[in-house]
């Protein structure tokens, strides 16, 4: 629907229900804009995010994936965000190894009170993804298959 | 295949102004599984919910997508509507096209495009939804209040009066909190102790209230309705049952030089002490850091003198474990450290004090027995300067970004009381803004100016300069006069910012309650659920939620109590059915899931399975759905993909990913 | 222990004492100040605009030189310390300035704020320790009541300088105690002496220094000590109370029994 | 963009300061040791930039009275750093107009035998490009 040919990245944001999804709601009710390229998927906790989801997103053409959870120590389920952090550290270095730039993935802690941080984070992430351009690496791999 | 109905809400103009709702309806109607799509002004209205019921009837819907505000607002509303219309409430998904779309985007094309994609993701998910049934859990009819200040006392009294048992856990040796340290209270100038003490006594005497002073919450487990809490009762070294509170031990104690916490370090106390005369319980504690007996093994005077034989040096800390249905956090506040603000010379001159210290100076039981005098030389001051907003409203890294809210009023109170009692003392207040919203508040401040002649100067102070003659030169701005003024004062009082009690972060972590960047606990909804934490069963009372004065604290304490009573009045709670479940054919019993489960909800059972005709007994993970809270940690840890989370299954989330990336 | 040393212009001219006493004391205390080759003037003030680059290059050269030698960089003059420390912070934390400076200088290895910049006083406090210094003192300045004059440049902005509490510093007071004298705390010790303004607005600088000296003597100081040649100059222009001003290194050399040696 | 707007933008850029953060408490003016010498006071510098009244600001004598002692920068509760605004305004004047406050000719008579090099260097930096 957009008219110009500017690169519009596809960005998937996984937000935990207790902190980051609420932070995104607060960004919304405070009218703190960020690009429409970001689409949020609600998960109960950042630890629900299976690396498979992220690989699938890139496979299907996502240009960036961001996982948002509660601040360390503040997880609604006590320790979920620590699991997420460990898992994502491993996944991201593997992605980097197979050619998906580190900047295309991110883990960020956003509390329910941080609407401003949510919006700032998304603005920054979208800008970085725009800088990286379209995610062609995994696309290429798919073609070879 | 599901038969899905999609309902797109205008939310008045909140959504419809930036999202072309007709277009969303048009595009979504052709999605697989969608048999009905319509838009309506207000889906949450009765008429809107009726539309869902009609469509369910007429189109035989099996699943519902509502494109509207955040599910945190109305998911419950639409689930109930679905249930009334005869379909399982968990067959409803919400596409958040308001908070996550219309409110943050300006371009109607962009916003509409995004709304369609969010709707598609929700449709894709509902296609894979399955009916779920909540379980039930019991409610322990007992509440815990953490913190024994006015907030905690009031909450406990209100819960107890409604007929429920309630325990107060207080860290210090007595309940009473900050309010017990105040001299007078605004805006009516009641004596603080006179109005607080009866409440303390009432709480102590109430048959439904148990008070644990000198105690701390050590461990919390469980969930709403069924918390288990370990409380550490620190050793007082006094047998509370024998102690008569005669005070002889304190009179004789030779270790007298410990700064008194109650007097904000302005006076001293003995090693065996009760913090103040009206303390409840009136049972002293022994500070082992100061006690000569504990440090050297010699002394033991208090034990010798105690006629009741209550002193027991061998007492040990004790852990009490108790079950609760609800927990109220009322941990209160402290003033910030002024170490980073020494332009005001707080660390350089004893005559620069905080407002809370001034309360002790003005109080008859304080270090100066209520006489207004300089702490350096005991002389009566003639010129007093108050400085407002010390550490409040700061966006640098020294102070707090918020307004502490109480300072304008207590400074007016201090100024007025001083001018009333000592008419020859001049009082100057340097202020940035005077903020006095509240019943009879601005009138109170105006009285300070008009009736008591307090000199209010608009401008902040840059530096307090101690003089060789013992006076303090205050260098400040008079912005209305566009001048820099130098005022010689005998005393300077700093309206120091308040911050949540230091322990609150530890407590919030134990309770898994959300906390903000300033260490205030977060409410479930800033406007509509101000006394509840987003974590079910946790409630907020007093300054732990944000700066408040006494009247506000008492109101909020009552509100928190009502919420607790509402919870305790229920016999059973519905549990969240979105719990984990293992596929017995895929599970290999490796224990990875149990290792990451924070609730110990997973166990293993030898189960007879039929794997494509092969019947054998295998070790299979079993999830106790009463314990499982649905975080999903296990689903990712599972190496064979056997563990899945109902309501947020792998296939459901992948279908959302696919719909978004399409 | 060897340190790179950046003396600066004034210490080569009008403030030779400040430098000579420091070098002699340093040797006696067991560390060597190795002057950076071909150092250039730091510019005396940190550049006024955050976008300036040319005026930061001399500091970057000195910093990079120290890095090549693997040494910390010691400064003595307050102004040099201020400028070099802040430029170093830019090189560490400001992408734009780091990029442009490296682009311009074309160093063998790019410089990114690796060098630690230490003021001589910090060296005394953190490396030698004032307790240890006290033991090395042979001629304690017992009975002398000394006011520390900090001025602006060592303390502010405190976030970057991280030298001491900007409103209630104590490093020089601790130094004074270590050399056996009695520190006199007075409130104007972190107020400006007038700085560069004394070139054109001599009366203004003088009245500011009068205030400082009156305050110090009011609290009982017999003398002031400073680390800055410009503060020294300005304070000396004020005749108020006639209290003398010394470089802290002079008293250090005296306490270590090296004064004559350093002067020769 | 108007000239004034342009100049205000330049000052914001050079100083890295956002004048909108100011809450008008006046702590900068309460702190300033050169306050009495100034025609426009430190807290006003901030509002002059916010209101894009740059013409008046750069004409102000205060530009040359500020000591850059950074006491206001240190104490500002809003991180507005009025001292940096003044530095930037000074920079703008010398960059745009060559409006040097100090000419080489007048220097000899300002010196005396004790003048440290540091004074000359720093005054020159402040007064002149």
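Every chain is named by a letter (A, B, C and D) in the order it is written, and numbering of its residues begins at 1.
Keep in mind that, in the parts below, contacts are C-beta pairs under 8 Å (C-beta built on N, C-alpha and C of every residue); 3 or more make two chains touch, one makes a residue touch a chain.
Keep in mind the model is a prediction, meaning the values are calculated, not measured.
Q: Is the C-beta contact count larger for C-D or for B-C?
A: Of C-D and B-C, it is C-D that has more C-beta pairs in contact.
Q: Based on mean C-alpha positions, which chain is nearest the centroid of every protein C-alpha shown?
A: B
Q: Roughly how far is chain A from chain D, going centre to centre by Cα mean, in whole Å?
A: From the centre of chain A to the centre of chain D is 44 Å.
Q: Please tell me the distance, in whole Å, between the geometric centres of chain C and chain D computed from their C-alpha atoms.
A: Computed value for the inter-centroid distance: 25 Å.
Q: Averaged over CA atoms, how far is the centre of chain B from the centre of chain C? Could you give it in whole Å?
A: 48
Q: Two or more other chains touching the same residue: where does that happen in chain A?
A: none
Q: Which positions in chain D touch two or more other chains at once?
A: In chain D, 71 touch at least two other chains.
Q: Using the touch rule from the top of the page, what residues of chain B touch 2 or more other chains?
A: If we look for residues of chain B contacting two or more partner chains, we find 343, 463.
Q: Per the touch rule above, enumerate the chain pairs that touch, sorted by label.
A: In this structure, the chains touch in these pairs: A-B, B-C, B-D, C-D.
Q: Spell out the residues on chain C that touch chain D in their complex, using ranges where they run on.
A: So the residues of chain C in touch with chain D come to 8-10, 13-15, 41, 43-45, 48-51, 55, 77, 79, 152, 155-158, 166-167, 191-192, 194-201, 204, 208, 228-230, 232-233, 236.
Q: Okay, in this complex, where on chain A does chain B touch?
A: 1-3, 10, 12, 18-19, 21-22, 24-25, 27-29, 31-34, 36, 39-45, 47-53, 56-57, 60-62, 70, 73-80, 83, 87, 111-114, 119
Q: Can you name the residues of chain D that touch chain C in the complex?
A: My answer: residues 13-16, 33-34, 37, 64-65, 67-71, 73-74, 84, 87-88, 90-91, 101-102, 110, 114-123, 125-127.
Q: Could you pull out which chain B residues touch chain C in their complex?
A: Going through chain B, the ones touching chain C are 339-343, 345, 347-348, 397, 463, 465-468.
Q: Enumerate the contact residues on chain D facing chain B in the complex.
A: 21, 23-32, 35-36, 41, 43, 71, 75-79
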